[in-house]
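Structure first, then comments.
Chain IDs A, B, C and D follow the sequence of writing; residue 1 opens each chain.
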Amino acid sequence: MFLDVQDLSVSFSTRRGTVDAVRGVSFSLAKGETLGIVGESGSGKSVSSYAVMRILERSGRIAGGRITFDGIDLTAMSDREMRELRGREISMVFQNPRAALNPIRKVGHQIEDVLRRHNRATRSTAKAKAIEALRAVRIADPEARYDAYPFELSGGMCQRVVIAIALACDPRLLIADEPTTGLDVTTQKVVMDLLAELTKSRGMSSILITHDLGLAAEYCDKIVVMKDGAVVEAGDPKALFADPRHAYTRRLIRATPRPGAEVGDLLEPPAPSPVRPVPGAPLLQVRNLRKVFGRGASESVAVDGISFVIREGETLGLVGESGCGKSTTSAMIMRLLDPTGGEILLDGRPLTDTPAAKFSRDPRRGSLQMVFQDATDSINPRFTARQAIADPIRRLTDERPAGRVEELAAQVGLPLTLLDRFPHQLSGGQKARVGIARALASRPRLLILDEPTAALDVSIQAIVLNLLAELRAKLGVSYLFVSHDLHVVRLLCDRVIVMREGRVVEEGTAEAVMRAPSDPYTRSLLDATPMPPAAIAATPALAKAAE
Amino acid sequence: ASNGTVVVAMGQTINSLDIHRSGTNRPSYQVAVNAYDRLVSFGTKTLPDGSLSYDYSVIEPEIAESWETTEDGSAIIFKLRRDGKFWDGSPITAEDVKWSFDRAVTLGGFPTVQMKAGSLEKPEQFEAVDEFTFKIHTIRPSKLTVPDLAVPVAIVINSKLAKANATTDDPWATEYLHKTPAGSGAFKVARWEPGQQLVYERNDAWTSGPVPEVKRVIVREVPSQATRRALFERGDIQVSFDIPNKDAKELSGTDGMTIHSTPIENAIYCLCPNLTFEPFKDKKVRQAIAWSVPYADIFQTAAYERGVPMWGGSSATPADIAWPQPFPYSTDLDKAKALLEEAGYKDGFEVPLSIALDQSDWMEPTALLVQENLAKINIKATIEKIPGANWRTASLVEKRLPLHLETFGGWLNYPCYYFFWAYLEGHLFNSSNYRNEEIETLTNETLHIPVDHPDYAPKIKRMIEIVWDEVPRIALFQPALNVGTRDMSGYEYWFHRQLDARGFEA
Amino acid sequence: MSATTPETRERGFLDHVIYVLSENPITAIAFALFATIVLVAVFGPILAPYDPMESNAARALQPPSADHWFGTDNLGRDVFSRVLIATRLDLMISVAAVALSFVVGAAIGSAAGYWGGWIDAVTGRFVDTIMAFPLFVLAMGIVAAMGNTVENIIYATAIINLPFYARVARAEVRIRRNAGFAQAARLSGNTDIQVLAFHIFPNALPPMMVQISLNMGWAILNAAGLSFIGLGVRPPTAEWGIMVAEGANFVVSGEWWLAFFPGLALMTAVFAFNLLGDGLRDIFDPRQRT
Amino acid sequence: MGPRTKLVLYRTLQALPALVGVVIVSFILTRMLPGDPAAYFAGPAATEASIAEIRATMGLDRSLPVQFLHYVQDLVVGDLGNSLSTGQPVVEELTRRLPASLELTLTALLLSCAIALPLGIAAAVHQGSWIDHACRGLVTAGVSLPTFFTGIVLVYVFYYLLGWAPSPLGRLDFVYLSPPEVTGFYVIDALLDGDVETARGALSQLVLPATTLALFTLAPLARMARAAMLQALSSDYVRTARAAGLGEGQVVLGYAFQNAMLPVVTTLGMVFSFMLGANVLVEKVFSWPGIGSYAVEALVVSDYAAVQGFVLAMAILFVLLNLAIDIIYTLVDPRTREG
């Protein structure tokens, strides 16, 4: 085997004692093969790959096991030898490409650094070779980009540069740790295709680390599923998805949104999907809404005259790529931001007659609430869950917080014992529940969900989506569901609007938009979203497991 | 040190080379002493401890060869030496003297006041009779006139040079002379870097006295007294000018170092109760305070026994006219309490005790000790430190400090001169707002008459007796000027308390 | 603002504090020193073996001995007693100055950071103006102009420290101005002031706590510096700075104890405050928590 | 106009309000100073009339707004007035003394950086080790000492007791003559003059005062260096660099430190401005003829023109300093070059 990891254990010494992050992981990889490592957050994917690279933090160490690379035992190598190997034999690509580049060094020079380090170039040839490397990752106009700083490049371009750095010295193994997280779906596809093609054409082996089953299935020859620092299942992707043997794998596959599945189907075991309320009278009307930031030369139009209606009990999906104006639209509807033009009507009465700065005292404040994208960021770190939920009760209602907080906690399924914990003592899913409970506290009529599950693992996403569906059925609230993922939107929404550069490019029922997108942009969005093979194969295995 | 250079350290800054300029500070007077000559000078004597001092009783020629008072006493005629030369080689003439004196009495400020002390008040008094004869028409016959010509203010300036650099706006060439001395003195100013140093270079052609031994004198400004001491002890400087009493005490007797501690003539450090402050209107209260002062402790901790005690006089009437002489008070808290009770202040009162920030070296310990003893007689004194800029205004001009420390030393060494400044109502150093009719009359009667006049001694004794009894100024001790020298000799004490390098021998 | 502090919070925080202290012995020492200083400030007058104001010319300038642990000064006062007594005043000056500049600076900075716009421009220029002065010289000027009382020293120290708080507060509030929890608070019906006061400001506090403890040391040094050039508190008040300044003149003549012990006390206090700052940073830095 | 000139211009404009503020505040502050400078400068024996005369020539008999107007008018043409205590034009005085202060401050800064930055880097690289603790203890001890006290102790030990240091007599011992003025920095001027002996003399005078100042400023620099390095070292791009096999030296000094430079430069600016203030005390101890000691003297005697001139000079220096920092920033950090 080209790379052989046997019984690898990694532990970190922390203030709470030793953390065994990786416990006896084994996997292997042949020349020219691509291995996918999937698993949920914290399962030890990154740590395992860092161990292979021997770039663990100082507090971490390889506690046991063997890593052989092309016959050499990596665990036995000295730091100096390892440094020789890194970049030349084994390279790595990280997530969040912009942060992965030195912000104050020209990208060309960063490539040169690696080339020169491994004696692949001399002072005189470095520039040409760096441009060559940039050309290899298909950056347009590489000569010009050579002099660019990371901040002058888009996320996708940065990731290409990172890949160029990783591949500059023609390594034989490439490890990509969630290389597309933080990129738009369309960019993700381009980057992944590029990676796959480059590794293939150079006959490299690669490891792709991801939590996206679809992605792994699409690009990998072999898949390893990790959970809690251990490998639970490994094998060929087709076989794995067709016949997942481990319960955890099954749950992962099931929780991945896919065409044809209802919200309830995402759960393990599948539950009946809550009924969708029948849309009633128009609740919120948005007419020709505009928002312009800045003035003069720096003017930028974030939202460019959009109109839509949300009815009572209806869920409207708002889909679009990063920067298309989704959050800006939400903020205006929530009255956190004053629009530059247009109207927002609640029950036919304009909301804009109270300026955003004064809206906290408006009687309609309680009717409009929001669940935020990042649950961690949206809860005051100094408030306990109880205090966070009690805050709107105290300010917006006449109710006594005491009983109501427990009631809400029960509603969102938050164990009462967790109420006195601080955000940092709660898990992602629990924080999401606190955020939802808080949003429900004032008995809102319209709830904006701004990518409420973007920061969550698929299995937790499934639970939260079900919770939201359930609450809608029970309380009859209307949702405006903001997301970049059409498959997720479909699970919850009656209608969808697709935004691009501040404008609505498509509108229709969720099913219709997904099945027959009329706008090419919508189609490219759909195409770019990876799907697990099981989903494509209409999931017979899942049907079986559900029985 | 070697090659005829003497390095002097002092704590203050020389801010002008022209003593007549307003704003020129005390340390700058030394330039007038070393770089200029006067008509006359005082003699030199050897003190009992072997050190040199100027001699107030002897007036010696400097630019003037001889002088005499006219018969009717209305004028003094000075014959100038004929070989007198300024630095630029031009002769020193009566015109120069007149121009210089005119300047001193016209420019205002300190020089004018000091000239006035010698009854030299207006230009009309000065006459250049011929090239080498200079005549002063006196307003009144006064024993102060000739000695006043020997003080630093009465310098003779090279008037031709000065006038060449005068402008219509500045007829007295103050801008020029401020930076460029034009004199005939024993030393020329070779270099002046304000805030750093002043370098004197010997005038090899000095005509008013024997050419000095040392070639160069470097006066370095070293603000930190600890640094000055370190420099001196390590032998990096030859003269440490005006060293603190404590250092003087500790260093005297050390090998290689000579400490000259000369009691400053006609000067006393005083505690002044202000008569505008209600309780101090009562003589008994002032006396009570005088009895409460811990003199010996102050002399020890503030003066380190440098200087002369001014307490514990044996009799309430002075035996002679020596000034200063010990006041008839000592530390007796019982007496103080009794006096306070008599005055109706048995339970005391509160009073701020003010001291000057820039004189805190002696004022602060003194004030603390006074404060402590006042507390014992129920007087609660709070110490107030007043910055230098404010001190003069508060204490001397506005005279508004209820209880404060004060020092005055008269350049002209007569008791009447001291009284004139310190005990007459409205006069500058009478910071106690004291007024006594008898003192007013007696002072004015004695100020100008010769010391050997038969009325002089009895009247002075009476004056002393009165201020002893009424104590508007409570004498603490007579201060001393401490100067340390090593590897050189020829230091001489002067009433102006400034460096006179003319006699230095290195 | 919340009525009860739940037990979990207490325990978690205490655990954390104990962890930080045991992990970092220097921080533990700093806390111990700080506690000692506070104790001495409170009980100093009781502990002092002599009357710190009582002079005695006969026993002036005695070196440290069994009678006078730190020796006596030029007026025969017991240096040890004076050093003890001075603790309270020095602590008071620094605490008062820092409290004052914290309150004003944090208010100004928070407002500027939260509302931006003209408030930010005006306060920004104001802070710039203060900063454009060499700070110590500004303090000198203020004390010289207003007179050297303890209050004025406190005001002067407070004014020169103000920009630091204003800047930290502005920066910390600014980065949280549009944080999710601030938006959520607005949705929960909090007015701008409430969002700022109850939600954003408490979160901006930890970095300021660090600043506070560093500034406490600074404030003491500042007062000492003022004393050195004669603009400090008035004698005979015992204050470390003034004791060092006065004692400095005695060092060359061999009476080192006059400046040494107050200097040591001064240094210990400033040292403790500075290390305390680091310790607080460890305790409050969320990244240090698990 | 290039973006960089634009930035410099913009920054200068931005500094103007602060300068105006400084002019106003310093004017008010000086007028609030106690005492009557006219009376003070008239000398101890002056009469009322001569005091009034002096007051008139100083312009102090006019109302405050008028005085301010005159002050500003003079200021515009670059006239800072005459210092009363030294009798020299303030501008002249400042130009003579500023190099002294700057020479001292810059030497101290250099010294401080030379020690603090490696120390901070070492502490960050070996976080939690004994180096880290020792560094922290050392710099904290340095910052805990009042500068004047450190100065006095250094003089006592190294000059008085050991005799290693030259006499603390300002910029140059009297055996040397000050070099011909080019930059105003004695060491540099002497070297330009080819006078190595004098340069060495000037340098040896600098050692103690610069050490005193440097000791005090180690802490902020070392701390900031450590914190910035820690942050940089834990950043993604350092991880990328490591994963690419770059050598430890290049990672730490090339990648991490270059980024850590930015906050360090800011701190450096603050430290510099702080040092100029602390100079006041150190200059006094070492008889250093800089502007700090000048300011103290002026303040004590209510020398308005001198105090105002000093404060203004400092403020301008501060503005220039910030400009310099901005420029360094733009040189180091490409992100600031935009807008």
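Everything below uses one rule, namely that a residue touches a chain if its C-beta (ideal position, glycine included) is under 8 Å from a C-beta of that chain, and two chains touch if they have at least 3 such contacts.
Predicted model only: the values in this text are computed from it and were never measured.
Looking at B-C alongside A-D, one finds more C-beta pairs in contact between the chains of A-D.
Centre-to-centre, using mean CA coordinates, chain A is 88 Å away from chain B. Averaging C-alpha coordinates per chain places the centre of chain B 46 Å away from that of chain C.
Centre-to-centre separation between chain A and chain D, using Cα means, comes to 51 Å.
If each chain is reduced to the centroid of its CA atoms, chain A and chain C end up 46 Å from each other. Within chain C, residues 144, 230, 248, 251-252 each touch two or more of the remaining chains. In chain D, 33-34, 152, 155-156, 160, 284, 300 are the positions where the chain touches two or more neighbouring chains simultaneously. Not a single residue in chain A touches at least two other chains.
Inter-chain contacts, as defined above, occur between A-C, A-D, B-C, B-D, C-D.
By the touch rule above, chain C contacts chain D in their complex via residues 24, 26, 125-126, 128-129, 131-138, 140-142, 144-147, 217, 221, 224-225, 228-230, 241, 244-245, 248, 251-252, 259, 263, 266-268, 270-271, 274-275, 278. In the complex of the two chains, the chain B residues touching chain D come out as 7, 9, 13, 15-16, 21-25, 108-110, 112-114, 178, 193-197, 218, 220-224, 226-227, 230-231, 233-234, 236-237, 357-358, 386-393, 396-397, 428.
Those residues of chain C that touch chain A in the complex are listed here as 2, 6-9, 12, 19, 23, 179-181, 183-192, 194, 199, 202-203, 286, 289-290.
Those residues of chain A that touch chain C in the shared complex are 14-16, 331, 334, 336, 357, 360-361, 365-366, 368-370, 372-374, 377-384, 386-388, 391-392, 395-396, 420-422, 424-425, 435, 438-439, 441-442. Of all residues in chain C, those touching chain B in their complex are 53-55, 57, 60, 74-76, 144, 148, 230-231, 234-236, 248-253.
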